[in-house]
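Before anything else, here is the set of structures, which you'll find just below.
Below are two complexes that have chain A in common, paired first with chain B and then with chain C.
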Partner chain A sequence: MITQVTESLYNQLTRAYEEDCAVQAPHPLGELRKLAFERFKQTGFPTVKWEDWKYTNTQPLLNQPYTLAGADQPLHADLALAAIPGLDAYRIVLVDGVFSEALSDSVPVAGLTVLPMEKAADELAFTKHFAEYADKTDNPFVALNTALFKSGVFISLAPNAVLDKPVHIIHVAAAETPLFTQVRNLYVVGRHGEMEIIESLVTEDGAAQYLNNHVSEIVVHEGGKLQHYALQVAGESGNYLNHTEVYQEKHSLYNNYNCSFPGASFVRNNINVRLDASEVESHLYGIALTAGNQFVDNHTIVDHLKPHCESYEWYKNITQDTSTAVFNGKIFVREDAQKTNAFQQNNNMLIGEQSAVYTKPQLEIFADDVKCSHGCTIGQFDPEALFYLRARGISEAQARVLLVHAFAFDVTSRFANDMVRKYVEHLVEEGL
Partner chain B sequence: MLTINNLHAAVESQEILKGLNLEVKAGEVHAIMGPNGSGKSTLGNVLAGRESYEVTAGEVLLDGKDLLELSPEDRAREGVFLAFQYPVEIPGVSNINFLKTALSEIRAYKGLPPLEARDFLKMVKEKQQLVEFDAKLANRSLNEGFSGGEKKRNEIFQLAMLEPKLAILDETDSGLDIDALRIVASGVNHLRSKDNAFIVITHYQRLLEYIVPDFVHVLYKGRIVRSGTKELALELEEKGYDWIKETVGAENAV
Partner chain C sequence: MSTKDDEMLKELALEEYKYGFTTDIEMDIAPKGLSEDTVRLISAKKNEPEWLLEWRLKALRHFMKMDMPAWQNFTLPEIDFQDISYYAAPKAKPKLNSLDEVDPELLSTFEKLGIPLDEQKVLAGVVAVDAVFDSVSVKTTFREKLKEQGVIFCSFGEAVQEHPELVKQYLGSVVPQTDNVYAALNSAVFSDGSFVYIPKGVRCPMELSTYFRINAENTGQFERTLIIADEGAYVSYLEGCTAPMRDENQLHAAVVELIALKDAEIKYSTVQNWYPGDKDGKGGIYNFVTKRGICKGDNSKISWTQVETGSAITWKYPGVILKGDHSVGEFYSVALTRNKQLADTGTKMIHLGKHTRSKIVSKGISAGTSHNSYRGLVKIGPGAEGSRNFTQCDSLLIGDRCGAHTFPYIENRNRTATLEHEATTSKIGEDQLFYLTQRGIDPEKAVGLIVNGYAKEVLNQLPMEFAVEAQKLLAISLEGSVG
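Now for the complex of A and B:
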């Protein structure tokens, strides 16, 4: 049954899908796409009646007119927007969701494969993992993405390879006409491989309003380690739906650092981590500093499927002006997942008197021998602390910076990459 | 240095200070004593600029400058320092970073460049020794998890670092054991000079055995009702605050 679909965009997407099928038959992913599009058609776009979209109304966004494909690739993009001082990294650039080989570094590193998603279909890791994880969720934007994506990044790290430098993926939005893009990524870390991926989302000056539907599937094989940073520094014309689905094998480690700063009007992040073997460790850290009329929603699922795993999640929201932040953190501890150690904490600081925070920590435990905790706080500036700092000669503005800095410290101090930590601390200061 | 004329102040529209006069000159130490609720802490907070305290009349001049017109940070930059009765814990702000920020802002206000990192660290080291403040504490988050005594000692360490003209110690002796009290007092005594002044607010005479005041004032019902030298504190200790209440009551009756 189709509920409340936005007719025009919905029809437009259907037409685009049908044209795609007609032109490219047989598409290598034909069957997958077909099933995905059928799934999307069954539900349509989510509405606020859906529990997971209760605070996140996508209708106003979907009612805008969009084109579905960008103009020709520009040959340059303002990559300075994403520069992280002091960071030495392999740079991959996507412009309007399309992998730009011209702007990306070639990565001549043994064991590392980086490809545009549209050229990855023959890779073993692709056939094995593509659409195996994200598509099992009920997020209609994932189904839509699977059916319609054009480009994205495919990264595969060979077993035992340890990358010397991080991979910095820069997603630039530049189109001067409103664009609805479907970007699809797949990152696979081989057995005992180690790497670091930093993603920056930026907007060029003059870009029209756009909606970006990102889906990333991530697989960390046995003993692998992945540090994954997402830095949301896009501009006001930016609207994002990001779905990150992580699948972890035995002894693997996955750390996600998810930061949003003033800019992008609408951000919805879904981050799901499935700990599907024993001795798996996952960390999810998040900071959202919002301003203006921004809306930033972080929905996470940590799914403990097997025994002896550990997860640790800490999200901090700082809301200014009339902005809104949402945190929904769900931890499942399945029947098999004995001796699980799961921690979750969400702290919120409302600075803007008109700002809002919706937070929902959830814990569902089906095993009987586990250690789990979750907690949540909402507060404001501590006037006592503010006065204490001012009484020592520190200006009110600087005192606020110090206090927000201190509030974010629990999260920023966990950043494994010093350059990224400093960059994020700087953005926190700038964003106040 | 400090001139307080006919100061009236209220908290939540209840008048607490009712015409307080005080003159403090450079190089002097003044003790303010008085029973609970007499307005001692209010005086400290009004001088430091806490916003919940409303000044309803009177003036406060620091070297001729109207203090009441200034924001709390500008008062601090002009050289007023309040050692808090209850220092605030601020997790995530390192003690050192906090002091560096404070010192830079105070120096900038005076038109001085920030201290070189090396000079700053040298100063930290010197002052730590001067006030016997543990180096390990200096590197921790501001007051986080400090014991009561450690917090008070941190106040004195900050005092040493910021080198104010006028320091107000608000019941710094409360909650201190005798050893901590001795260390705090010795820190203060090291910092006394002919150019600065101290106002020591205390309920008990005990602290004044270690920090010997030039003048002692007794605050009662929002006014200074007795002033004298350190012997007044002893007399007060001996006779108790009831003596003040009775004699002041009698004087008012006449």
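Now for the complex of A and C:
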């Protein structure tokens, strides 16, 4: 059932789309956008009746009044919010979903192309990969994004290029009026290329309630390696719908580190990895430390289509106060994907008396010569461990921090970048 | 996969279903079709009181309004509910008082199935049996002996006549008519089933058992089982089922309700061996069953054990509502599918009371081109302080065209609860096989041994007689399946 107010957001989006069409009549993506918008119109916004949105009610979020386009770009943003101590990186800044060339570093590195999405339409990697992956899923927010996105980041790394420094993409929310933005990214790593992308989601003081609909498509070509960090350290007015779609070729490696900290009121991450070639390796790590009335939902799909691949997934949720964490991890092993090695683990620690965890680790196996396992636990502080520490003169607060650190260690210890690891460990401490 | 394996898989596929014979007996079959008249006819045949008829009609009206579900992990075959006959009973004398009055044809049928209805023939009287043939209960053994202890064990029809107050109080209290589409259908047209009542403080002196047999063509079987264990009572109940080999599919939609009051314990075991269809997936039973128990009182316990080897499609989730404090729910399952069989089964554990515990052990074995799904829900309510759940669901794949799926839903709203879930998928280990063959055990027997070992944790939960039968059933079903 669509309520009256949602109807108006729906109408608002329809009108925005039609206006877009009228203005930029021969837009190169016109046809793609049209199909995408039709797809969105067919399904509308998801409801809790949808299996994938069972625990995630987007209605209250969509019942807010939003404007769809931000004001003119500010010339400065508080980038200290996203500062990672000791990290030396190429900095890219997006303010309210719009690539800010003024605030971003120029990247004069051979083999690396960084462009605002709206200027990337002529790039070869763009024409080849744009909307080829994410749009095949049935997430209506992806369709909406394809139809309406204005900006985003396009990164293309040439074959054999190995980047010396990570690319740090900072998404700043600053608008003082409620904003619903569509951000679209495309990251392509060429053959045997290696790079690191760190994304930070931050909110400036005084920003009004906003909803960000991020869609990222990621392609890792043969032998390429990509380390991808997503760090949500936004403010309470933040609401995020993130969809990351990864496509990997032979011998490639993709690592995703997905962290959420107390802040954004609503976070929904969809991370889908398709292993459509043999000898591919993917790792998905996640930490969600929630507080207040936060809602963090991580949906992942690891789809093994070809033999001899390996995937490894480990998600940790720590819920405080009245917050809610959702985890849904799907692993598919298709008929021909023999010799697959797939592992998935989800551990949850409930600290808040009113907090809740909903988890669904799902395995679908169609091949027999595979090794697949998943595990899931839900628990709380071990009173004996607490006692042990307190008996040694450690304060209760300090003991709790230690225990949560230990709990998160399985995931934090896998971070390839030391600076990011220390930063995340610090945030875990701070978030308690 | 080697040729030898292929041959063996073929053999496995062709393994005969030894209960596939039919019994030629004069039947009283209701005309096909589903309407209020059908319900009235069944109700009249069973000489039911007015309230029960009303209850049935309410269910039917609800059923007519419902849509078929679409969430299950298989394509639900189109079932023409108007093309099924909802009542089939052997034509017999109005009331059976002794074994001599039972049609000898029926007796020999159950004899062939290995279920002797003659009390003298049963070894030392370990198990009391209620034999259900199509829509009616044929004979319940050892009734008198049970009566001495106050235990009521009879067909559902008799219970309605003789103990209407108990039936009225508990019928539909765990699985309401509106629960799901097949529960609604069952509530409208159920024909017979078993009724058990164990009075306060009584430990039922023998195992109770119902044996279900579908015989007639173009009928569905809709039985209803209601088991009530009063305070401090204990009962162990077994259920077995078979059906003839037929080319068309038949529907079996049963409802089982268990009620355990304070300190009571119910142990419910099923060995399900309905006709699974032939190797091309033709024929077979659609086994769509709603089974649920409620631990109503404190310290009560309900345990489900199931060995599922039959049926073209098995679709059921025996669950436990843990309402009483310190109550315990258990679920042990072995589901074996082969050829084109489909199974979507698992359990629901709803923790409401404080310090409730549940344990789930599910072992799926898929062979051929079959698909085996585990779907489970563990739900901890906000009031379920200190609750505990342990879930283990393992899948074994034999052959490279079958599928194993797990859909565990875990919902926790209480921070003092502790939950664990683990799942693995594997094939029969080459090293295990090598170890056994190297010691002179032929590969077929070795596979049987390994699978039985794999399922041991569940089979151990079965009462002795059933465990032996189940072990044989698994071995037969898996002969030659070196993967």
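Operating definition for what follows: the second predicted complex is superposed on the first by the 427 of 432 C-alpha atoms of A that agree within 3 Å, B and C clash if a C-alpha of one lies under 4 Å from a C-alpha of the other, contacts with A are read in each partner's own complex, and residues count from 1 in each chain.
One rule holds for everything that comes next: a contact is a pair of C-beta atoms (placed from the backbone, for glycine too) under 8 Å apart; a residue touches a chain by one contact, two chains touch by 3 or more.
Not measured: the values here are computed from a predicted model.
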Three-chain arrangement built on chain A, chain B and chain C clash or fit: fit
Inter-centroid angle chain B-chain A-chain C after superposition on A [Cα, multiple of 10°]: 70
First, second, both or neither for A:Y388, with chain B first and chain C second: first
Which superposed partner A:E31 touches (first chain B, second chain C, both, neither): neither
Which superposed partner A:E19 touches (first chain B, second chain C, both, neither): neither
Which superposed partner A:Q398 touches (first chain B, second chain C, both, neither): first
Partner chain(s) touched by A:F407 [first = chain B, second = chain C, both, neither]: first
Chain touching more of chain A, residue-wise (chain B, chain C): C
Closest Cα approach, chain C to chain B, once both complexes are overlaid on chain A (Å): 16
Chain B contact footprint on chain A (complex, rising order): 382, 384-385, 387-396, 398, 402-403, 405-410
Chain C residues touching chain A - in the complex, by the definition given at the top: 71, 382, 395, 397-427, 483
Residue numbers on chain B that touch chain A, as the complex places them: 48-51, 71-73, 75-77, 81-82, 84, 87-88, 90-93, 97-98, 101-103, 105-106, 109, 141, 158, 162
Residues of chain A defined as touching chain C within the complex: 51, 335, 338, 348, 350-380
